[in-house]
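Each of the next two complexes has chain A plus one more chain, namely chain B in the first and chain C in the second.
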Partner chain A sequence: MLSVKPRTRLALTAYAFLLPGLALFATFMIYPLLKALQMSLYEWSIFPGRESSYVGLANYAQAFRDPIVTLAFRNTLLYMAITVPGQMVLAMIAALLLNSIVRGRVFFRGLYYLPVITSWVIVSLLFKYLFEWPNGLINYLLVNVFHLIAEPVQWLYQPSTALVAIMALGIWKGIGWSMVICLAALQTIPPQLYEVASIDGANAWHRFWKITLPLLRPTVVFTLVMLVIGAFNVFISVALITGGRPQHKTEVVLTYMYHQAFDFLDFGYGAALSYLLAGLILVLSFLQLKVLRRPQELY
Partner chain B sequence: MNLRRKFWQDLALYLITTFGAAVMVFPFLWMVSTSLKQHAYVIENPPRLLPPDPTLENFVKAWAANNFQLYFRNSLIVAIITTSFAVLFPAMVAYAFARFEFPGKEIIFYALLLTLMIPGLTLIIPQFLLAKALHLRNSLWGLIIVYTATFIPLNSFLLRGFFEGLPRELEEAVLIDGGGYLTIFLRIVLPLSKPALATVAIFSFLFSWDEYVWSLTAIDDVSKRTLPVAIALFQGQHGTEWGLVFAASLIAAIPVVAVFVSMQRYFMSGLTSGAFKG
Partner chain C sequence: MKSYKLIVVLLIVSFVLALTGCAPKVVKETVVVEKQVEKIVKETVVVEKPVEKPVEKIITATPEPKGPVTITFWSAYSPNEIDVLENSVIPAFEAAHPDIKVEHVAVPYDEFRRKLVTAIAGGTVADLIRADIIWVPEFADMGALAVLDESMPDFDTYAEAVFPGPLSTNFYNGHYYGLPLDTNCRVLTYNKAMFAEAGIDAPPKTIDEFLAACEKIKTLGEGKYGFADGGTYAWAVNPWIWSFGGDVTDPGITKTSGYYNGANTVTAYEFLKKLLDDGYMHPGIVVGGLDSWGGFGKGEIAMILEGPWFPPIFEGMYPEVEYGLALMPAGKGGPISVVGGEDIVLTQQSSHKEAAAEFIRWMLSPETQLSMAETGQMPVLSELLDTEYMKTHPFYGIFLEQLKTARARTPHPAWPKMEDIMTSTGGAILSGERAVQEALDEAADQMDGLLAAQ
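For the complex of A and B:
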């Protein structure tokens, strides 16, 4: 050991600490990531011993021609476009409310957070039950209690209304997460700022737009980026509530990818679909950070 | 501000907050109510929030049903072992990042960061083939190893941030006394980081307890199933037995709620510190 330079010895110590974690990470995350890219370029054979044939970008070309892929991307984007602003706005309102009440803040925060900690499987089954036809609770409330519609709606059997149920679930389940993050950020704003603004005659509306929101900007940007990534990952709710039915009309990218891979065993095509989605997410995350972050906020 | 106006303003705030909380909680109340109903009342129209003749029959039936206790045990084994690995290994990675300079530091950092942005399902096809090749399919170890690997990036980042904030004086004292880095890690860094380790442990436990997709994909053997898969399949097979489905769901949710309620402080601090570190 004496002949080894101290710097080298420190680096070796560091590698010893990294070893178990990074070995697992490299084997079960990085290798699959690269393998999926390779598979997406092959007509992948699932039978051992049978050669897989290299097909170049054929799987990607097929994806662009596949009408269900177009639909799945459209549904995914729609889910993102509705659930991200929905969660963000409602979470911000909830955070402002909780920030302005004194007693019971922790209690209410716990209640708003309940859907976040409940597993996707359970809440998906729960929403499936709530939106049942004809006797689900939602139909009962709309028809018999609020008299908003005359007949019960077959929510989960028509593409557009099924997506409404799935997006409602996405918003309801996600509010608590964004709210907790916004609430913590709100509590770092010094109250003196608001007092000074009040003396200058700013009302609550002005105080929100001129003080709260600018100071919360980094938090909001972070939350938005995470929510967008989360929205593109939508899978379990769709898989369990509609399974893509009817006729693949409610399919999102990942449900269709899973379907291709594990029902049709078309691994090459499935890998190509997941790479298209991953690419879209990376580009969008990068753009959001570029557009929404001011230069001085590069932390 | 005028006191009377303040009173009405506070009242309005509480009313709106309570209304919001009711919307968040009501579906769960409905689930509990359904689980306490006899089957005849579950499909009755109009539905009733308060179950007539409430009964624990569904819970007894779910708990005694085929293999439920086995699934509960499988889930518990997977969640506990995953949690211990998903705390220890990332803590070691985080320590190396917080205190050492080594060749390749930057590229490893970016590799970890990259996988945080990519959907986990992008990896599922190769992971499936890998698990098959390594005889990890139909084994709880296949779940534990993949869950742990999934947690390496996030947990390493969270812990690195915490470790960097620890004072270095104690560590230097150990070195002067002739102790090594392993001693520092085990005797100083880990004990000082209990809150951060608790946070990471909670998230890892909840994730592995609830994970569905990999478990569904990697396990065919009925006796190796975990609870989320079992519950989803059960609903698929017994479409209208909602009382039973929700009784099973509620039993499955007990560890989650217990962990959340008892450790809410760590939970929330972890969430927000992660947020601000980016």
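For the complex of A and C:
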């Protein structure tokens, strides 16, 4: 009989249970990641069996010279800078409001969460129709109902206004997610703290700044990190609403990567672009956690 | 001990419950099994049929049939074309070739190329593809296509039977990679009611007459446009470049400098810019989202450039709107339009090349070409030119006339990138962001780089 130490045996059992999950993770996450890294160093030929030539860091060098890459990174950063605070502030307001009502909380929570679970494809197409020129609903409201402007705006065909539509979609669709997390965190704050503060004469404003916000800090940091990562990965809405038009001016990193790979068959360059984006996300997330995370102060 | 007993009892009870709970299911499953047995019996009957057929096969002298093979055929046919293909062309083929089944998959044109790219990379591409003529050099360059003039023994017979222009779109690096399936070009399509209202009695023959017609249409009032097109891509812009005497590359496709930024091309872009600025052309060419058929049908747009698929579909949408077809307005370079169309190509990854080649032959038979012609798929067989059908056809005549001078977009693997540059450049020029000459100089420089890299 083969003798196995009980401890090793336990470990082996654990690995046996981990194996299926690990295998899936390796096949669908690790392998594609490494494959993409390899591709980014080659002039990659997609036809199976065709030689791909090793080009070193040429794809990365090309990215730094490409003016559209600069523009795409700028648009992505802008999208992040506007949609992340937008989602967080609106989600916080919604969560505070929902936390203060008793009747209908579940109903409204569901309602706010609805955009989160609807498909990006469907809401992107919906927003495209809303912002259509000259006869979209937004133009109709602005021109014919509220008479705010005289001429319909070509929302989706000018880079700045097209990004407005894309960001509006991003914020609207994202509020529910941050709100649910905020709401859950709000409900963990012990009500005694507010009672004590009230006795001490703190008004609602003080209570929010001195109790609610500090106690929500870990939640806020978590949502911030997640939303920043999400914002960098914006793709479907841009691909469907403008596709980078006009003249690649509304391109974000991932849509440009997609064009390079699937329209121009430059898979090596596309892979290099996604690695650059991944690098940026990694650095930013690390910095965020480093700077923002503090040990829990209370209790 | 008592609690131990209790657990045992509970376990037994739960087992019993589970069993009784399962019991009806078991019965159901046996029913299912019986049905499957029935099915299998039916299937064996089906299997017997092909056993009889190989005898026929031997008579028709087609080699090695081992049971029915299924070939896949991907296309971006539109619904009325799919209807004819799937309900008459393919059933007729399958009836004549009982050992071959054809599975047709229709993919929307906008997603088709990406689907092909992913499928080729994944090794799951179809046996046959109805490819836009402009994709063939790129896919051939990639190694995705079978060299048809080598893998199809009677290729020459078919190559001689089709129009030389569309055939040439299959030629890349010394070999033919496909055969033409249908051909088309754009012709000037005008709204007769708008022309009558504006007092224009004949379609414009020259670019000057075209401008004059636009001017008259403008007097019809606000929201009336002489001309419209969907964007600044080559399909829209090249007819003007060529008609003005300009070009995108030199004849040998080695450089764009001196051609795409040449004087005549500059004039063509300036002309388009003027059309837009004077309100003759619908702004949709820059801002996109243009419904040109809707505008044309509603009497808002007087002239568009359209292909032979237009009459059958448009007449279904706006049966009471009268329109006329005429040649592209002529400039210094003549009345030059752009050639479109599709080639049928056999993929390198196909494991049924024989059967697939048989379907290519079927698609190029006069019968199939004529039944697809009903949907606006213009035939490519020279022999059909003399038939009563083509001679008396309501609109193929004008397209055949236009095809004599129509030209193809640059057949080069780098074309998608080149066209992307052209589209951006055209957009920047028409929106007034950039001066014509300067923008074209820069674009020509970039495209030179692409051509040199190959």
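The rule is simple: the second predicted complex is superposed on the first by the 288 of 299 C-alpha atoms of A that agree within 3 Å, B and C clash if a C-alpha of one lies under 4 Å from a C-alpha of the other, contacts with A are read in each partner's own complex, and residues count from 1 in each chain.
Throughout what follows, a contact is a pair of C-beta atoms (placed from the backbone, for glycine too) under 8 Å apart; a residue touches a chain by one contact, two chains touch by 3 or more.
Computed from a predicted model, the values in this text were never measured in an experiment.
Asks: If you tally the residues of chain A touched by each partner, is the higher count for chain B or for chain C?
Replies: The partner that reaches more residues of chain A in the superposed model: B.
Asks: Touching A:F262, do we find chain B (first), chain C (second), both, or neither?
Replies: Both partners, chain B and chain C.
Asks: Under the stated touch criterion, which partner chain does A:L57 make contact with: chain B (first), chain C (second), both, or neither?
Replies: neither
Asks: Kindly classify A:R245 by the partners it touches after superposition: chain B alone (first), chain C alone (second), both, or neither?
Replies: second
Asks: Touching A:T219 in the superposition: chain B (first), chain C (second), both, neither?
Replies: Once the two structures are laid over each other on A, A:T219 reaches chain B alone.
Asks: One more residue to check, A:L156. First (chain B), second (chain C), both or neither?
Replies: In the superposed model, A:L156 contacts chain C only, not chain B.
Asks: Which holds for A:V89: it touches chain B only (first), chain C only (second), both, or neither?
Replies: Neither partner.
Asks: Tell me which partner A:V283 touches in the superposition: chain B (first), chain C (second), both or neither.
Replies: neither
Asks: With the touch criterion stated at the top, can you tell me which chain A residues are shared between the chain B interface and the chain C interface?
Replies: Of chain A, residues 262 contact chain B in one complex and chain C in the other.
Asks: Taking the touch rule as given, give the residues of chain A at its contact with chain C in the complex, in rising order.
Replies: Per the touch definition, chain A meets chain C at residues 45-50, 132-133, 154, 156-157, 245-248, 259, 262-265.
Asks: Show which residues of chain B lie in contact with chain A when the two form their complex.
Replies: Touching chain A: residues 10, 13-14, 16-17, 20-21, 23-25, 27-28, 30-31, 34, 43-47, 89-90, 92-93, 95-96, 100-103, 108, 111-112, 114-115, 117-130, 145-146, 148-150, 152-153, 156, 181, 185, 206, 209-210, 212-213, 217, 228, 231-232, 235, 242, 245-246, 249, 252-253, 256-257, 260-261, 264, 268, 271-272, 275-276, 278 of chain B.
Asks: Which residues, counting only chain C, touch chain A once they are in their complex?
Replies: Against chain A, chain C makes touches at 113-114, 117-118, 120-121, 123, 138, 142-144, 283, 286-289, 349, 416-417, 420, 423-424, 427-428, 431.
Asks: Under the touch definition given earlier, write down the residues of chain A that touch chain B in their complex.
Replies: 7, 10-11, 13-15, 17-18, 20-22, 24-25, 27-33, 35-36, 39, 94, 97-98, 100-101, 104, 106, 108-115, 117-123, 125-130, 134-135, 137, 140, 144, 172, 175-177, 180-181, 184-185, 219, 222-223, 229, 232-233, 235-236, 240, 254, 257-258, 261-262, 267, 270-271, 274-275, 277-278, 281-282, 285, 299
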